[in-house]
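Across the two complexes that follow, subunit A remains constant while its partner is subunit B and subsequently subunit C.
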Partner chain A sequence: MKIILDKEKLNSSYVQAIKEMSMQKVMSCYQCGKCTAGCPIADFMDVVPNEMMRLVMLGEIEKLISSKAIWLCTSCFQCGTRCPKGIEVHRVFEALRSIALREGKNYTNIEKLSEEQLEAIPQQGIIAGFRKFESLE
Partner chain B sequence: MKKITYYPGCTLHSTAYEYGDSTEAVLKYLGIEWQEIPDWNCCGAASAKSLNHKLSILLPARNIKNASTLNNDIYVPCAGCYNNMMKAKRALENAEERQNIEKSLGKFESIPEVYPLMRLFTDKAILEKLSQSKLKTDVKVASYYGCAFVRPEEVLQNENPEIPQSIDNILNAVGLETVEWPLKSFCCGGDLSLADSSVVSVLVEKIINYAKEAGANAIVTACPLCQANLEMRQKEPFPIFYFTEILGIAMGIDNEKWWKKHLVDPRDLVSKIKGGK
Partner chain C sequence: MKKIGLFICHCGSNIAGTIDIPEVKKFFSEYDDIEISDDYKYMCSEPGQKKLRDAIVERGLNGVVVACCSPRMHEITFRNAAVSAGLNPYKVEIANIREQCSWVHQKEKDKATKKSIDIIKTMIEKVKRDEALQPIEFDITKRALVIGGGIAGITAAVDIANAGYEVVLVEKRHSIGGKMLELSETFPTLDCAQCTLTPKTVEAGRHPKIKLMVYSEVEEVKGYIGNFDVKIRRKASYVDWNKCTGCGLCQEKCPSKTESEFDHGLGERKAIYTLSPQAVPNKPIIDKNSCRFFREGKCRVCEKVCPVQAINYEMKDEVIEEKVGAIVVATGYEILETEKIPEYGYGMYKDVIDGLQFERLNSASGPTAGEIRRPSDGKVPKEVVFIKCVGSRDPEKGIPYCSRICCMYLGKHARLYKHKVPDGQAYLFYMDIRSFGKGYEEFIQQSMEEANLLYIRGRVARIMQEGDKLVVWGVDTLSGRKVEIKADMVVLGTAVVPSKGATELAKVLRTATDEYGFFNEAHIKLKPVESMTGGIYLAGCAQAPKDIPDTVAQAGAAAAKVLSLFGQEKMVQEPLIACVDTDLCSGCGVCVTACPFDARMLDVDEKISIVNEALCQGCGACVSACPNKACQLRNASPKTYMAMVDKYL
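And then the complex of A and B:
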C-alpha cells in the first residue's frame, strides 16, 4: 500500500477529533502488535488493530472510516488491557465509529431484525447493535 | 439481615428472565433483602458511547444518584450494565468530572459502591452459608466471565482480568467442580450477533470446544448476552447456565420455568447435577 505523507493530512481535523474523542495518546504506539494478537476478531478484519493505530498516526483516516473492521470490533477491551503503552485501543475504534455515524454512514433499522433475533437476543445486545446493525450490508 | 440495592437492567425482567428469577430466589433463600433502584433507566448499553461520551456517563450516573437515596451498595447482575455503571462511578470519583455531571443531574449526596452480582456471594459469611448446601455430583463445569465484568482495568475490583475466580469460588462452595481453561474472559462476539452472526459462530465454537476439551459438561456464566450467544450460535447441544441457577439447584429451590427459557434444554444435566445418573 502506497501512502503519501503530507502535513495537512497528519494534522487534519479527523486526526484531532480522534485524539480528542478517544482521549488516547495515539502517537505513543510502537507497533508491538499485542492488540492484534489478543483481538478475537482480528482474523475477520480488513484492517487489524495495530494497522489501524498506524494509519491514525499517518493521518489515513478515510481508509479507516470506510473499513469493515471498525464495525466488527466488539468492544471487548482486550486490546487496551494488553497494550504495554497503556493505550486504550478500543477507544480509538469507538472514535472512528462515532465519526462514521456522524457522517451518516450508519443508521438503525429495527424492521430488519428477524423474529428469531428479537426473541432470543437480550435487550442489551439489541440496543448495542443499533450502532452497527446496517453497516455490513 | 444484609440489605442491597439491585439494578436488574432491561434484560433480567425479560429475555434473561431465568437469571433474574433465580437471582431473586437465591437472595430470598439467603435472607438478603434487595430493593431495585427507584425509577431506573437504561445503562446506555454500547450504543450510547458510540453516539456521545457525555450521554454514556450521564445515563448510568442518574441510576447511581437514584440509588444513593437507599444507602446500600449496588449489585449489578449484567456485565454491560456493570461496566457502564462502573465507568460513571469512576467519573464521579474525579472532582472535575463530578462537577460536570452535577451540572446536569444536580448534587450527589453520596456515591454508593458498585459491585458485580458475583461479588455478593464471595463475601465470607455468605460463602460459608452457601457451603451448607452441597451438591453430590461428578458433573464438571467451565466458568465463563466474558469481557465486560473484567475489562477495561478501570472496572476491575478484586479480580484478575485473564484468570478471574469469583464464579469458580461460588460454584466450588456448593460442591460443583470447575475446570481450569484458558478462555474464561474471551469475547463471545457480543452484539455482533445481530450484525454478523457468522463471526459469532466461530468464536462460540472455539469457546465450547475449549470447555469440552478441559472436561466440562456445561458452561456457567453471569452475563445475559454471553449466555444467549453461547446457546444460539453453538452446533451440538451444550448446556449454558447462569451461576444463580446452579445455586438454586444446590439449595433445592430450582424452578421448571427457568429451564423452559433455555434454547438448549439443560434438564438432563440438571438431574445429573442433583445426583442422578
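And then the complex of A and C:
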C-alpha cells in the first residue's frame, strides 16, 4: 500500500511519543540493517527491526503497534549494542510496546479462560497474554 | 666491430616463469657482435642497472639490448643508465619479451623461448644500425594562457603568476568567478561562496602578472608545447572600459529588462549590466539582444547618463594575438537540459527548479534577497522535495556517469532550507548517498540527525501539478512502499555536463575529449592534469565533474605542471622524428598534407620539404605518404626495418 507523506504525519503525536519515550535519534538511522542481521528472533517477526525503524521514520506507526514483532522482542539488546549509529533500537521497541499498552489493546479475554487454564498459567503469563497472543484463547 | 651487450630480465616470474632464460642467455653468448649476454632477476632495479652500467664501462659496449617489458615501461630507465655510463641513449633498445611474448604464450613455453630469441635477434639488428642522436632543444615562451575564469582558472592563474610568470586569463563572460560566484553557501562548512571566492577574484583582477581578458574567447591556437600562438576574440562590450568607472548609473537608468542568466531566469537584469554586485572587473556590457537602442534604433539613455562618455555603440570585436608556452583549460561545466527528463515537469511547472536556481533563491544577492520563496506565487514553501540523480546515472535519458556533486549539494540545500524555514519539511530522494570527501559523510549524517531531513531511497517517477501543490510519486525501497508527497516546491539535482563549446575548443587546441565532451587526461591515474597534447593542462570540471576542493587541488596541480615546464631552461624533445633526404625530395608536398601536426612545410627557395622539429611527433605519416622515400624516421629507416624482418624470418 502507498504511503502518503506529509509534515503532520512525520511529526505526529505517535512519532513524538516514540522519540520522547525511547530518547533515541530515530532520524539518524541509515538503514544498514545490522540490527536485523543480529536479532536472534528476526526470523519469526512480521516486522523486522530495521523495517520498524524505517516505518517510525516514515510515521507509519499503526502497523507497528498492532504487530507481533514488538511482543516477540526479548529485549536482549543485541540491536542497540551493534548499531553503528548508536541507536538503542530496543528502546524504540519498548516505546512501541508502551504505546500499545496505553491503547489498551488486549488479545486475551480473561472471562473465556477455564479454571484449569487459570491454574496452570503463571500470573505474569496471563498479564502478558492480554497483549501478546490471540493463540492463548 | 660492434660490441653489443644483451641483458635479459626475469621480471620475477613474469618472464622467467615462461621463457627458459638460461637457454636464451647461452644462445646469445656465442652470437655475432654480442660482447656480453647476461641476465638478472629485476633489470630495472638498482643492481640490475648497475650490471648494465658496469658492462658499458668495462667492456666498452657500443650498443645495448635489454630484453624485458614494454619500452613504455623502462626504455627511459635503461637509456638514462646508459647515459650515466657514457653511452648515447639512442644506442639502447628494448626487446619486449614480456607483453609480446611471455604473457601471451604462458602455455607454450618452448615456443615462447624460441620467439623471445627471435625478438632479441631483431633488436640486435636495430641496435647495430642505430645512430647516436642528440635531443633537440628549443626555447620556451614562459607565459601561460588560462582558459576559463572560474575557481579552477583563477586558482591556476594566481599560482602561476605568484611564481613570477605572466598569465593571460581568458573568460567568456564579462566577469570572473564562474559558477562558484552563483552559489549561496558551500558544503561541508556552509560558508558563503562569495566570501571565500571574492578574495581570489580580487587577487586575480589586481595581480600585476595576470592579464585579465573577460568577455573573450580563444579562437585559434597554433604551435606546440613551449611555443603556442593564440588568437583571442574580445567581444564588443559597447562600453569603453578604460573610461568606465563602474559607477552603475547606466544600469540604474536603463529602461530595458530581461531575464537574468546569472539568476537562472528567476530574476531580471537590465540590457546594460554587470554580472553580479561583486563583479571583477566591475564593468558593464550592453546585451544587443535586449537593448532598446540596438533593437529599435532609439533610446541611448546609457550614453546620456554616463558621466565619462564611456558608451560606444560602434564598438567592434577585436582579435588579440598572444604568445604563450603553456595552456590550462578550465572551462567548467553546465547542467543537463532538465527538460530532457520530462516526467519531472521542469519548464512546465514553475515550482520545479534546478539546483543552480535554488542557489540563487538562497543567495543574499539573488532575486529574493536570500529568502526561500517559490517562483510561482512567492510563498514560503513548507514541504520541499529534493531529487538526486536527475539525468545522472541514467543512460537512457541522461548520462551514465555520476555527477559527483549532487549528493552533497542537495544535502546542503535541504539543510539551508531548514535554517531559513525551521518548520518546513525536506524530503530527499536518492539512489545512493555518495559523500566521499573530507567531512562529507559527517555532514550528511549530521543533516539527518539534527535537521530531521527525511532521506528516501528511491527514484521519483513523476510530478503532477494539483492546485498549488506538486504531487510527487516516488518509492521508498527500504520499506518497499510507494510514496506520495504533496510538495510546495521541488528541487532537481540535475546532471553535470561539459561547458557548451568544450568540444569545439578541444578541436582548436588539437586535444581530445571523451564521449561526453569532457577533456581527456593523458592517463586517468598517473597524468590526471595533463591533456593528450603536450603543454596543455586540465583543471576542474573541464576534465570531469568535481567539487570545489578537488577543483582547487587539480588547478594547483595544473599550475605546478606549467611551472615545472617553465622551470626548464630549454624544451627538450626526442630526436626520433622525421628527416628528409634532400637528394631524393622532389618538393611535391604530399608530406605537408599527410602530417597531422602541421610539422611539415615546403622550403620555397630550395624546392624541398622541411621538418619543424619541435612539432614533429615521429608518427611516420609522411614516411608512408612520400612517393620518393625521401621522408624517413631517424633510427627507423626502411633499411633497418628490412634487416630486422630478414632476421626474424
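Here, the second predicted complex is superposed on the first by the 104 of 137 C-alpha atoms of A that agree within 3 Å, B and C clash if a C-alpha of one lies under 4 Å from a C-alpha of the other, contacts with A are read in each partner's own complex, and residues count from 1 in each chain.
Everything that follows uses one rule, which is that a contact is a pair of C-beta atoms (placed from the backbone, for glycine too) under 8 Å apart; a residue touches a chain by one contact, two chains touch by 3 or more.
These numbers come from a predicted model, not from an experiment.
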Is A:Cys76 touching anything from subunit B or subunit C once the two structures are fitted on A? First, second, both or neither. first
Considering only touches as defined above, state whether A:Tyr30 meets subunit B (first), subunit C (second), both or neither. second
Where does A:Glu51 make contact in the superposed view: on subunit B (first), on subunit C (second), on both, or on neither? second
A:Leu5 contacts which: subunit B (first), subunit C (second), both, neither? second
What is the contact status of A:Ile126 with respect to subunit B (first) and subunit C (second): first, second, both, or neither? first
Subunit A residues in contact: does subunit B have more, or subunit C? B
Go through subunit A and flag every residue that touches subunit B in one model and subunit C in the other. none
Per the touch rule, the subunit C residues reaching subunit A in their complex are 382-383, 424-425, 427, 445, 448-449, 452-455, 457, 476, 478-479, 481-486
Interface residues, subunit A side, partner subunit B - complex: 21, 40-41, 43-44, 71-72, 74-78, 80-81, 88, 90, 94, 97-98, 101, 113, 117, 119-133, 135-136
Using the touch definition up top, name the residues of subunit B that touch subunit A in the complex. 9-11, 14-16, 42-43, 45-47, 49-51, 53, 78, 80-81, 147-148, 151-153, 161, 186-187, 189-196, 199, 202-203, 224-225, 228-229, 231-232, 263
Touching subunit C in the complex: which residues of subunit A? 1-7, 10, 25, 27-28, 30-31, 51, 54-55, 57-58, 60, 85
